[in-house]
């Protein structure tokens, strides 16, 4: 049982708090990280800290994703690890939802994941190795009221991940989907003092992503649920 | 336990073989049926036979769906039953999929369902009654290899249906999702002679739709799987 | 598409309120019903009303189930329809559960279902037709806290039903599992006056059972969820 | 994010090949391991190698399980980690299954898991910490034909695990269920030479168990699927 070794990673939706934890973790283990986000301004400090490159990219736009991968090819190289964290949601009473916002929810949460994954897999297949991780949500397995757009996006993302896992695992590409069930702790969003660890620590999530990255191919996981110990489900 | 009575229905994606069975069944029971499809040419004979009205509508286009419902309001009236049968798919090796076709798969299969359902629910809510049925597929619960676009569309459709069921059932609107698992028999697509009933008879599917339509609200179903007796699952 | 015709039925766990509705419904449609329960005393009035035979049987006991089917063979004939309604549960904090009660929960809820189904299928297979319906619960798809024994029994029942459906459907035997989610209305257990239809009407459940019994084999359902319109899920 | 530290573990069903990998892994990390199996003969070498204690115990027997935990209390101490690997199955055409074997399948696979877990949790609750891991199978989420008894046992085990997770997680006890999908490699059961890693390496499974043991409570997993990269699902 040998440990899997990867040297390059791409994180899309890099503005998310989870992305910072992933970036630090991967960098510490010697992986060169590329960070993509619609706006790269907020990524500056993280990039400096972790020696990461940043790329502006709207993942829901085909031309942006093409350009991103061409840039990667020309600079840090094609990523062996891809983590898709981007998502968008609108919510409210079903009859009041704005169709354009619904369309955007699906586009950013699921279609962008397809665009990024396709470019990545094209570069992974010739080598017969690579890992693609999708950050899903409980909304991807349970359609909540007043939240049809997010359900549509996250269900679609899960369908994408499952189809890819069935097709690409036997070709050496490990595809996994994470069901994040609960709020993620951040500077802006602290947990109640009397409820310790009632929100997901992004470092704890990153640890589970890391463990999946390291799985030997004789025992791969395609889906992992993560929730705080006190979260109702 | 009183029987539910409806007088108007809209079937979207009316070109599907299933739609003809549904139209005949509903008409026979005194329901006035409106048929919507991108092209209404092929619907002529059915419309005449069942006394149905036809409407041209690309369900993935917001303006088309608006126009459709305005037309219904002005003619046969807002539908108490809506059945969404439209879907589109592209398939093939993941790396060879055409992004535009993937986008269209999601748009027709899931986003169009949202557009139609929203217009319908706006008209149903004031009366606190109505039924919305979505025709899903096994692809909505299992992501098959070389079929990511259909998985994305049908998973998203199921997420939409489940979110709507949780939100709208307590407001009197019955939402149900059908997992059609297997090929549907048609003039163009006959089943092997030595494997009787190995494909779904559209009349048999229509019977189950009808039964769900009739369910008293004390025992509603939100999802029904249907497959031929010999189908592997 | 011809309608399925059955002439004999066996209901096990006949003391349940649902069983009375099923018995009346089946009898009205000309089906000869046999009722089995640990105690037959309470079945007298129903039996007279519906022209049904009653049989004492503890379904979790192998010898009882053998005797029951031998009696049926010798009297009303082998049942073409079998409905298993028996269940037992104990609940409470996990550490306080009585192991004997846990064992009984599994035995009555799941093992008895196996015993009855096996005897039934032995008699159905030579004719290549028959229906077996299992009354499950939301506890069969979701393990609730303080209710491990019922979760074990109802999950096991669902596993039995699904395995049987995969094996026996292609041999002509229709196996279906019902997920009853909510309280069933009865004389002893009325629903709140201000929440109409907030409990399942046993007649409404029986209607869905009947519809599944009638499904043509080109479009069989193996699982049906039923819950009141206002039930949270 | 501090690492979880445990010092004692109990493995039940210790004769399984997976158990040897788990024992070696835990021992190497300083955990004192107790091994329980119906027969302890085959455990001798492993026990010596890993400095583990062995205990004879039929997990499906209430008195055996009581005695086991009393022995543990008096010797190595109550386990902070419990891993339940025991299972039993019979298979074949549904009508030919031996009811006694079916009963045993449920008893060893699921009821024994309850007995062991209850004793363990009684000792963990006062400390508000502990981990209980159940080794499930794909049979616990999919009922295969000709395999109703294993489906019943493994579905029941999953129901137990899910109910326990919902009840006990907020009390500090981490409960997780592993869906092992595929054959486990062993000396007796080698994989085809031309299909490398087509069977689960027990060391690879043990690695994933270990990772779940180490999860911080802000991001616990209750279920993990593991399958070889080339396994169909």
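As written, the chain order gives the labels A, B, C and D, with residue 1 at the start of each chain.
Note that a residue touches a chain if its C-beta (ideal position, glycine included) is under 8 Å from a C-beta of that chain, and two chains touch if they have at least 3 such contacts.
Note that the coordinates shown come from a computational prediction; the quantities given were computed from them, not determined experimentally.
Placing every chain at the mean of its C-alpha atoms, the farthest one from subunit B is found to be D. Where the sister copies subunit A and subunit D meet, the same residue numbers recur on both sides for over half of the interface positions. With each centre defined as the average position of its C-alpha atoms, the distance from subunit A to subunit C rounds to 45 Å.
Subunit C and subunit D have Cα centroids lying 32 Å from one another.
For subunit C, residues touching at least two other chains, in rising order: 166. Taken as a contact graph, the chains are arranged in a single closed ring, with each chain touching exactly two others.
Going by the touch rule set out above, the chain pairs that meet are A-B, A-D, B-C, C-D. Contact residues of subunit D toward subunit C in the complex are 62, 93-95, 97, 99, 102-103, 106, 110-111, 114-115, 117-118, 121-122, 125, 139-140, 142-149, 151-168.
Taken in their complex, subunit D has these residues touching subunit A: 1, 166, 169-170, 172, 174, 185, 197-201, 203-205, 207-208, 211, 214-230, 233.
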